[in-house]
Structures are given as structure tokens and as C-alpha cells.
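Letters A, B and C mark the chains as written, and numbering starts fresh at 1 in each.
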Amino acid sequence: MLEIADIIGIIAFSISGFIIGVRERLDLLGVILSAFLTALGGGIIRDVLADRTIFAFSNFLAGTLVLIVLVLGFYFKLHKFDVENKTIFVLSDAIGLSSFSISGAIVGINAGFNIYGVVFLALITAVGGGMLRDMLINKIPFILREKFYATISILIGVFLYIFGTNVEILILTLIMGVIIRLIAYKKNWQLPKI
Amino acid sequence: MLEIADIIGIIAFSISGFIIGVRERLDLLGVILSAFLTALGGGIIRDVLADRTIFAFSNFLAGTLVLIVLVLGFYFKLHKFDVENKTIFVLSDAIGLSSFSISGAIVGINAGFNIYGVVFLALITAVGGGMLRDMLINKIPFILREKFYATISILIGVFLYIFGTNVEILILTLIMGVIIRLIAYKKNWQLPKI
Amino acid sequence: MLEIADIIGIIAFSISGFIIGVRERLDLLGVILSAFLTALGGGIIRDVLADRTIFAFSNFLAGTLVLIVLVLGFYFKLHKFDVENKTIFVLSDAIGLSSFSISGAIVGINAGFNIYGVVFLALITAVGGGMLRDMLINKIPFILREKFYATISILIGVFLYIFGTNVEILILTLIMGVIIRLIAYKKNWQLPKI
């Protein structure tokens, strides 16, 4: 299940990383780096924190999926689409957020971390790629966290820590995470100021 | 002694992280993340560099202390205080700086690092949390390093590398570090331009 | 060969880190940190990712070379030179880029990483120090990646992954990397916009 969550997340985040790179008018390499870092960065940080073999560096599928998304994206001129009509972006980003939060939580639980560690791993797996991308690309304001972004990741971490990681719960979590993210985006939910 | 230095640092930095989050007018989640990252981030980086079990992910006390500070902070409306009167902030920040520098130096010495490693670990443990917070929150200018901030951390690393880590020296270092930081703040010490 | 590539990179990047620190009008500590982080940061991240003993924390030579460069730099008032005439900077930066990309690729290959891991390690070893410096110093726009900077690092990673790491290939790679970087700088090469 961990690998499945990872692979869904990698596909989804390489699409959103590609779109972000194009929207920011990066050059060719910039778009490629944006897709790779967004898709693989969070998992790399997660595996370092959990002292595991880095999935993206040992499994050939991970990077190759990003390459395939890039080739298809350029071929179908995904980047010429009206990017203001950002349905694809919001959807792929919501799926990536949800599945990487799940994958981070699973790794944290398997590593025997306490609830703080599990939640932190869920969060960093989901947002770490975007953070690395921003640091290396250095042109993109990190807008990811607005509108319940981090909140969903944290809720997933807490939820899985409490209810465990059997298959039904994971599928439910993935679907609920995506739906809540889309509603939050649509309704423009904000957290209360204190 | 390592755990004691860590715990003092966690309490102190969760207070200053809370105040920074409030001062930056972050939303509820932002303030919570600011406190957690400021308090735990440096130690997480330290433990990854020293290839240790991550303290904050294995010891339940660490994150719980941050939670308690947050609850008390909100309850006593610490954030409604005149934040320009920043005595609490400067004091808690000075204590956090000093105790985390000590904890980083101890971990580095125990790991058998050379002086560069010990000093780097003292520095990154003290400033790493603030760095992570700034990256994730992305609204806060990282003002920490001005006015002898990093200098004190480096001096503590060099001092402990030379004089060792028995209890008397650690207590002396903690107190001296806080005092120097407060004087530096008060007198507005600057390093020479070259 | 790994150590040689590392040491060449450390000397070269401590020179360019020193010059960047001076150019940014950092104070004394800022210049020292800029040299240390630029020279050692990439290797530290590389060793954490590859789960190796951190070279800079176990080998006394690494940090001492940075210190020597700093002392010589201040003594010969390297920082008073017309920094707009940036021949030294561009050359040392090109050498650092090339040798650290090689060292990252070697570590990745030795760790058994796939091509994505080897390329990522080449890239992060070359640019990671600059990234850490920017995060800690927080004054310097990270301009490193423009003009084929990252491209060269990635090409080195792919090249060594395919052709292996025997001595002749490494020397050829180092020289070619520096030459291409200098030509790219001179001719102001840009990557195509998409």
C-alpha cells in the first residue's frame, strides 16, 4: 500500500510540478527540475528522517514516471493550455497531497514514531517536494500552504495514527482527503485568525 | 544532561515560536506550526546529521511540551500582550539559543565529530528550527542571526569542544550564553564589517 | 579519487563563498559562514542522503582548508579587489561545480543508487552548499543556477553513471565541466524557453 500511495503521489505531483514550472515561465531545465523535485522531494526527506533506503533512488519506477509525465506533458502541450483554467492542477495537487500524506504517515507508523513524528512525516512528505522545488528554482512563491493545505496533511497523520493503516482506511482517507481539499479550494476556507 | 538541555530549549523556543507566529499574524495553524518547528526543528536536523534516533519522534515529552506551551499561551492570551514589549521573547529566545547550542555540541562530541562538526551541530541545532519555520511559514524574515546570535552558538560549540561536557561546565555555559546574548541585545553589539 | 574531487571542490567553493560573502557586504561572521557553508554544505547533504559518515565532520582537512582560504583571503585582501572583475570568482566557482558534481556522482554510484539518485546527488552536492548559505545568510539571491549551472551538474551525473568512474574519465569530466561552464558564462548561454 505504501508503494501504491507513493506512486499515485508521484504521478499527481509531477503533473502539478510541471504546471507550476510552466506557469512560472521557467526554462526547459527549470520545468524538468520543478516536476522532479515536486514529485520526489517529499519522499526523499521522509526516507532520510525515517532512516530508510530512499525510494526514489532505489526504485527505477519513481523517476521514470516523472519522465513519462514530462514527455506526455510536452507532447500534448499541456503547458499551452489555459493555465488559468486550473482544474487539472488543483485535482492533481489534491491527489498528491492526500496520497503523500498517507505515505508519510505509514512510514512514520512503521518506523515506530510517536504521534508528533507521524504527523510531521505526513506533512513533510506532502509539502517537502514543493519546498525543495522553491529553494532550488527560487522563483516561485510557495503558495501551497494556504487554504487548508497543511491542515489536511496533519489531519491525515492524526487519523492514521489513531485508526491504523489497513487497506479500507487508507482508501477512505485518500478519497476524503481529496474531497476535503477540493471543497476547501472551492469554498475558499480559511483558518481562524487568533 | 543532553535531555535536560533539550527540554529547556524546547520550552524556550516554543514560547518564542508562538510569539513570532502571533506577531506575524499567522492563522491558528501557522502559530501552531511556528511553535512546533521552532522548538523541534533544530533537534530533528541535529539527530539526522548525527545519525541518531530523532528525539522528538521517539520521546513523547518533546512535542507534548510544545502543546502545553501553546495551550497556556492561548489561555493566558500571551499573544494579546504588547508584543513590542518583548522581554519574554528575548529571554526565552536567549535561553533556547544557549541550551540548543549546548545540546548540539554534546551530540556532536558524542558522535566523535571533529571541531567543525561540533560547531556546525551547535549552530544548526540552535538556528535550524527557525530556518525550517521560515521555509514552511514563508512569511517571516529570518532575523535571528543578527546581533551575535550565531556567534554565541559558535562560541559555545568551540568552548565545549575544548573543555568537555561535565555538568559544571554545561551549567556555566548555559548561564554565560544567556547573559552574553542579553547584553548583546541590550547593547546592540555588531560584528565588524571587513 | 573521491577525496581528491572533494578537496578540490572545497578549496574552490570556499574561495567563491568568501567572495560572495564580501560582495554581499556581510559582517565578519557572515563571510566566514558563507565560505564554510558554500564549501562544506553540499557534501554534508550528499553524505546524509547516502547514509555515509559525514566527510567534513570526520576529516580534519576539510574545514581546515576553508580556514586557510579565509586567512589567506583576508591577509591578501582578496575582498578589496575589484569584485566586478570577477575572473577568480567565475573560475573557482566553475572548478567547484565540476568537482563537487563528480564527487556527488561517485558517492551515488558507490551507494548503488539508480540514475535519478546519481544525478540528484551530483546536483545537490554542487548546489547544496549555496542553498544552505542562502538560507542561513538570507541576504543573497541564489543566482547560481542561471546559465547552464545546474545543467552541467546533471550532465556530469548522467555521464559518469553511463561511463563509470575510472581515473581518466574523472579527469576528463572535471576539465570538460570547467571548460563548458566557462564557455557558457562567456557566451551567456541560455536554455530554451518552452
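For this structure, a couple of remarks:
Rule of thumb we're sticking to: a residue touches a chain if its C-beta (ideal position, glycine included) is under 8 Å from a C-beta of that chain, and two chains touch if they have at least 3 such contacts.
Note that this is a predicted model, so its numbers are computed, not measured.
Both chain A and chain C derive from one sequence, and where they touch, under half of the residue numbers involved are common to the two copies. Bringing chain B onto chain C by least-squares fit of CA atoms involves turning it by 120°, to the nearest 5.
Remark: chain A and chain C have CA centroids separated by 29 Å (rounded to whole angstrom). Contact of a single residue of chain A with at least two other chains is seen at positions 48, 51, 135.
Chain A makes touch with chain C in their complex at residues 22, 25, 27-31, 33, 36, 40, 44, 48, 51, 54, 56-60, 62-63, 74, 79, 135-138. For chain C in complex with chain A, the residues that touch the partner chain are 48-49, 51, 108, 111-117, 120, 127, 131, 135, 141-142, 145, 150-151, 154, 190-194.
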